[in-house]
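Here subunit A shows up in two complexes: once beside subunit B, once beside subunit C.
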Partner chain A sequence: MRTLLFLIQKEFIQIARNKTMLPLIFIMPIVQLVILVYAADLNMKSIEYSVFDLDASHASRELLSHYDSSPFFDTQEQLFSDEDMEHSLKSGEADIVIKIPKGFEKSLMNNESVEVQFLVDGINNAAAVITTAYAQNILLKYHNNLGSSWLNLQEVQAKGIEIKSRHWFNPELDFKVYMVPGILVLLVSMIGWILTALNIVREKEIGTIEQINVTPVRKYQFLLGKLAPFWLIAMFELAFGLLLGRILFGVPIIGSVGLLFLFTAVYMLAPLGIGLLFSSLSNNQQQVMFLTFFFNLTFIMMSGLFTPVESMPNWAQYVNYLNPLAYFMPVIRMVLLKGSDFLDVLPNLIGIAIYSVVVLYLASLAYRKRV
Partner chain B sequence: MRSFTSFVIKEFHHIFRDRKTLIVLFGIPVVQILIFGYVITNNFKDIGIAVMDQSNDIHSKGIQSKVFSSGYFIYKGAIRSEKEIESKFQRGDIRAVLVFPSKFTSDIEGSGSSEIQIITDASDPNLANTVVNYLSGIVRQYQVQKLGNGLQKSMMVVETRMLFNESLKGAYMFVPGTMALILLLICALLTSISVAREKELGTMEVLLVSPLRPAQIILGKVMPYVGLGFINAIVILLMGTLVFQLPISGSLILLMAELLLYIVLSLSLGIFISTMAPNQQVAMFISLFALMLPAVLLSGFIYPIENMPLVLQWLSYIIPPRWFIIIVKDIMLKGNGLEYIWDETLILTGMTVIFIIASIRKFKIRLEG
Partner chain C sequence: MQTNNTAIIEVENLVKRFGTFTANDNLTFKVYAGEIFGFLGANGAGKTTTIRILSGLSKPTEGIVKVVGFDAMKQSESIKKNIGYMSQRFSLYDDLTVIENIRLFGGIYGLSNKEIRNRSDELVKDLGIENLRKRLVGDIPLGWKQKLAFSIAIIHRPKLIFLDEPTGGVDPLTRRQFWELIYRVAKQGTTVFVTTHYMDEAEYCDRICVLADGQIKALGEPSNLKHEYQVTSIDELFYRIVKGEDRV
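Showing the complex of A and B:
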């Protein structure tokens, strides 16, 4: 036990002495958290549109004024030819071009069908779908209003199904409340993972590992001594990040904080264990870095922060059993935002506990006292 | 010049001697493109929702069958009271509940109107929003098909054409994004380590006392990796076109030139990082930890830049992938020529020059104690 404490003390001294690393470890995650949380807004707020109005009539201008007054659309320019249209989309000035055909007003007056054309930049498929839906909605609204006001027909009773939506746990659909826990998980995991990954291999490269190897320090003591400091740092950063999220972004903490920290305490062993494992397997820092880079990026992308896990293909969902982030990502949101209790998170807790034990065991196998 | 050539040859030896790194280096783009291609496609499907149907009649069932045959949603059981919803949300079983009022069909056929409620688990607000949009779309469609819109007047036909990506494939978005991301990170990692490593192992002093000038050392460090980076880029490009069927509508030569520019930019960014970092640990920490998330989030790869607050939009200007993604999309998908992307190209060139000059100036000829 005393040996272990000395080892932990040694690691802390090393960390504290590294004057470049220290601020990086503590300041960079916080800065990233505060800035990046704002980036994740999928609501289209400024769809840039251009108009090719071949009719130039009262009716077409009326329709366009609907787009003009919509908070989602930003007017770009009037176009006067098909070449203009193409250029507007090619150059990216417009996300959508609305083309109103000649005779638009006349057809409307005569109750004939009219065709309005939307040309949409489809490269970002998700955005293209939303853009089209918004544009169609405005057109529909204009068309429905026509009956009563402009065409001066008899008042038509609006018939149909009204759809009301209620959003629980986050009624204003504030995406920051969602992103803070998500990014926090990424940052804390990456910090722990990268730091442990770099640690042992560095001792190998510098040669100090041989000095440890000839001491009576046991294998588990050595590994625990490496884990403990980074585990503490990660826990501390999570606590600090939560506090910051609460103060700056008003992230609610509905569930039990104790439960969250219990889960984190078990969870953190997984990324730290992976770091150790990679570190033991590599000969130099370059190798460990590329391994870390590859798995880190893959795990982040598959964590469910960017795309819902259930929409991924089946095989990817199986791969996610190997992804520690995928265990934690739902849990932190469940506890913080929904107030889920111990039983709700138990399956994930058991999963990540098994995961951590296995990874740590593998790491201890991979680390040998011989060089 | 001769000493310079032998220096470059030495760098090549360093690279090829480390087999493990080489394998990882070329494995990364292949595996990552495949994984992201099939996983991160922004396709919305298989979302679990439950139904609370208080009328259980023709139209409520009709709408349900439309909803669950759409492929977007999976039926996760019936719910009888609102109390059950909360615990289902808390366990994370379902993302939304579709609520039909009692007497749904008779209301629609009688008074002509009724109301459907969608209750979402908005702890993921973006998804909640999408769920509402898709569900509303399905209900509207049902309404038009089965009930008519109740208005006797001219038809408004909307013809929508998706340009550059007619079948709305997710790959069109993410292949350029992944390419920008992987190239930047790999190249920056490679060079940032390379200089810091010489410092740490003490071989830097040998280089410093050699007749090589700082500019030559930096150039010699960058050159071998240009080849590696370029091969990587070609692999990604081939995967994109062969596996995910991306077109190359524009000029291939222009695309290659831009790729080369971007690789040199990323490599010089790595060199720049390494001139500031005292050892490999710091160099890697910066090029991995500080670069990865901003490059993912601020490049427009996943979240549209136009939606971000202004400060973040300004910040995104200094993120190289932001510009490179535009260039790749323009050339490959829109078939644009240089006249459309000269400004982005100029920005990337400017960044490269700044990084190189800054590195040469920061490059210390002496090692301090």
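Showing the complex of A and C:
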């Protein structure tokens, strides 16, 4: 026990003296939260659109003015041919082209059906879906207002069923509220994982690990001496990140903070264990970074940070059993945004506990004092 | 030297293979308590492999190896408590101060806080580096580092210390001072097992063992060996053995 304290003390002195590590611990959460959360905003603003108005009538201009006044649609460019239309989309000048056919006004007045065409740049499919939805919404509004505001005709059509969605737990669908908890998961995981891995491999490179190996320090003492400091740092990182998220983005903390920390306390053993395992398998920092890079990318993309895990194919969901991030990602959102309680997160807690035990066991096998 | 006839290291038919490569080929030797035992050999002769086995870092493939009374095959942890080790790759923590390094290793070897304090004071005084106490080890000159590493390797007063090319890359003056340190601990009763390829250093040893191609080619007191091979220096002796010339 005393040996362990000496080892932990040594790690903290080294961390405090390290010119890159200490700033990383404080600056990384700020940068990740501020930049990533703003930059990764999926809400569409300033949609660039072009118009090919073949009707050039009062009615078509009225419709287009709806787009003009929408906060989501930006500059409007007039097009005069199909070639223009194609060019506008291909060159990326427009995200969407609205084509109003000839006879638009006449058809409306005769109460005939008429088609307005949207041509949407589908390269980014998420953006395309949202753009289309916005465009349709405006068209629909215009259509519903036709009767009362224009021509003073009778109500064109009886009021249909109106669907109004209410989004629970994030009523304004504020993207930041959704992203901050996710980024926090990345933050604590990466801090724990990468710092642990680099730390041990560095001792290998310098040769100090050999000096430790020839002392009576036991394997578990050495491994615990490495894990404990980074575990503490990760817990601190979570508190720091939560505070930032609360102050900068007003992220709600509906559930119990204690529960969140309890989960994190168990969860952190998994990324730390992976860091340990990777460092045991590598001989230098390049190897460990390469391993980390490969797995990180996969784990992050599959974690449910951006896209819901439920919409992934079944096999991918099975692969996610190996992905520690996927255990934490839903839990942090559930606790912070929904106020889920202990029983709600219990399945994931058990899952990640088993995961951690297995990874730590593998890491201790891989770390050998003797060759 | 207080050489007596108790063997502190007993090696019988030690073989260490890495795949098809045999690094140690059937070594048999004893090191007696209190002596300075020099282990000589060209690069790749198998010196480091042997020292790693003796210090519990590596397992023998075959043979019996007993160090401070413990079996290297099964009781390497007990061996580690009773030995000191300093390797050619300098291995204190560069980003810790002199005192912090002493404290860390003192703590690891189970010294009490009081013992650590006393021995730190003693150690920096002996080395004459009181003014470097709070300096990072990475910032002090190599010669001092080596002497410090040596002193830290014996902080727990082990019965036996392994020095794997301890004087590699240091100037002649520091080398001399280093050997004075070695003599001092030997006088206090610590057995010293030292590898080197400076042949003048071999002359300082009580007994030497010359290794080539993983085998022991010569073993004995330097003066006897010189006589046996009819050479005037260990340098010459080494040259003959490594080139494979037989004794005259």
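Descriptive notes on the structure:
Criterion: the second predicted complex is superposed on the first by the 343 of 371 C-alpha atoms of A that agree within 3 Å, B and C clash if a C-alpha of one lies under 4 Å from a C-alpha of the other, contacts with A are read in each partner's own complex, and residues count from 1 in each chain.
Here is the rule we go by: a residue touches a chain if its C-beta (ideal position, glycine included) is under 8 Å from a C-beta of that chain, and two chains touch if they have at least 3 such contacts.
Bear in mind that the values here come from a model prediction, so they are computed numbers and not experimental data.
Legend: residue contacts after superposition of the two complexes on their common chain; A:266 is shown touching neither subunit B nor subunit C. Applying the stated contact rule after C-alpha superposition, one finds that A:3 touches subunit C and leaves subunit B untouched. After overlaying the two complexes on the shared chain, residue contacts for A:111 are found with subunit B alone; subunit C is out of touch. When both complexes are overlaid on chain A, the residue A:233 reaches neither subunit B nor subunit C.
Of the two partner chains placed by superposition, only subunit B is touched by A:316; subunit C is not. One of subunit B and subunit C touches more residues of subunit A, and that partner is B.
Of the two partner chains placed around the shared chain by superposition, subunit B is the only one that A:298 touches, whereas subunit C remains out of contact.
Comparing the two interfaces of subunit A, the one with subunit B and the one with subunit C have residues 18, 206 in common.
Residues of subunit A that touch subunit C in their complex: 2-3, 5-7, 9-10, 13-14, 17-18, 206-208, 210-218, 369-371. Interface of subunit A with subunit B (complex): residues 18, 20-21, 24, 28, 32, 35-36, 38-46, 48, 89-92, 107-108, 110-130, 132-133, 136, 139-140, 143-144, 146-147, 151, 153, 156-171, 173-175, 177-178, 183, 186-187, 190-191, 194, 198, 202, 205-206, 282-287, 289-294, 296-298, 300-302, 306-308, 310-313, 316, 319, 330, 333-334, 337-341, 344.
Partner subunit A is touched in their complex by these residues of subunit C: 52, 55-59, 76-77, 80-81, 83, 85, 87, 89-96, 100, 103-105, 107-110, 136. Those residues of subunit B whose C-beta lies close enough to touch subunit A in the complex are 18, 20-21, 24-25, 27-28, 31-32, 35-36, 38-48, 74, 85-86, 89-92, 95, 108, 112-129, 132-133, 135-137, 139, 143, 147, 149-166, 168-170, 172-173, 181-182, 185-186, 189, 193, 197, 200-201, 277-278, 280-282, 284-286, 288-290, 292-294, 296-298, 302-304, 306-309, 311-312, 315, 326, 329-330, 333-334, 336, 340.
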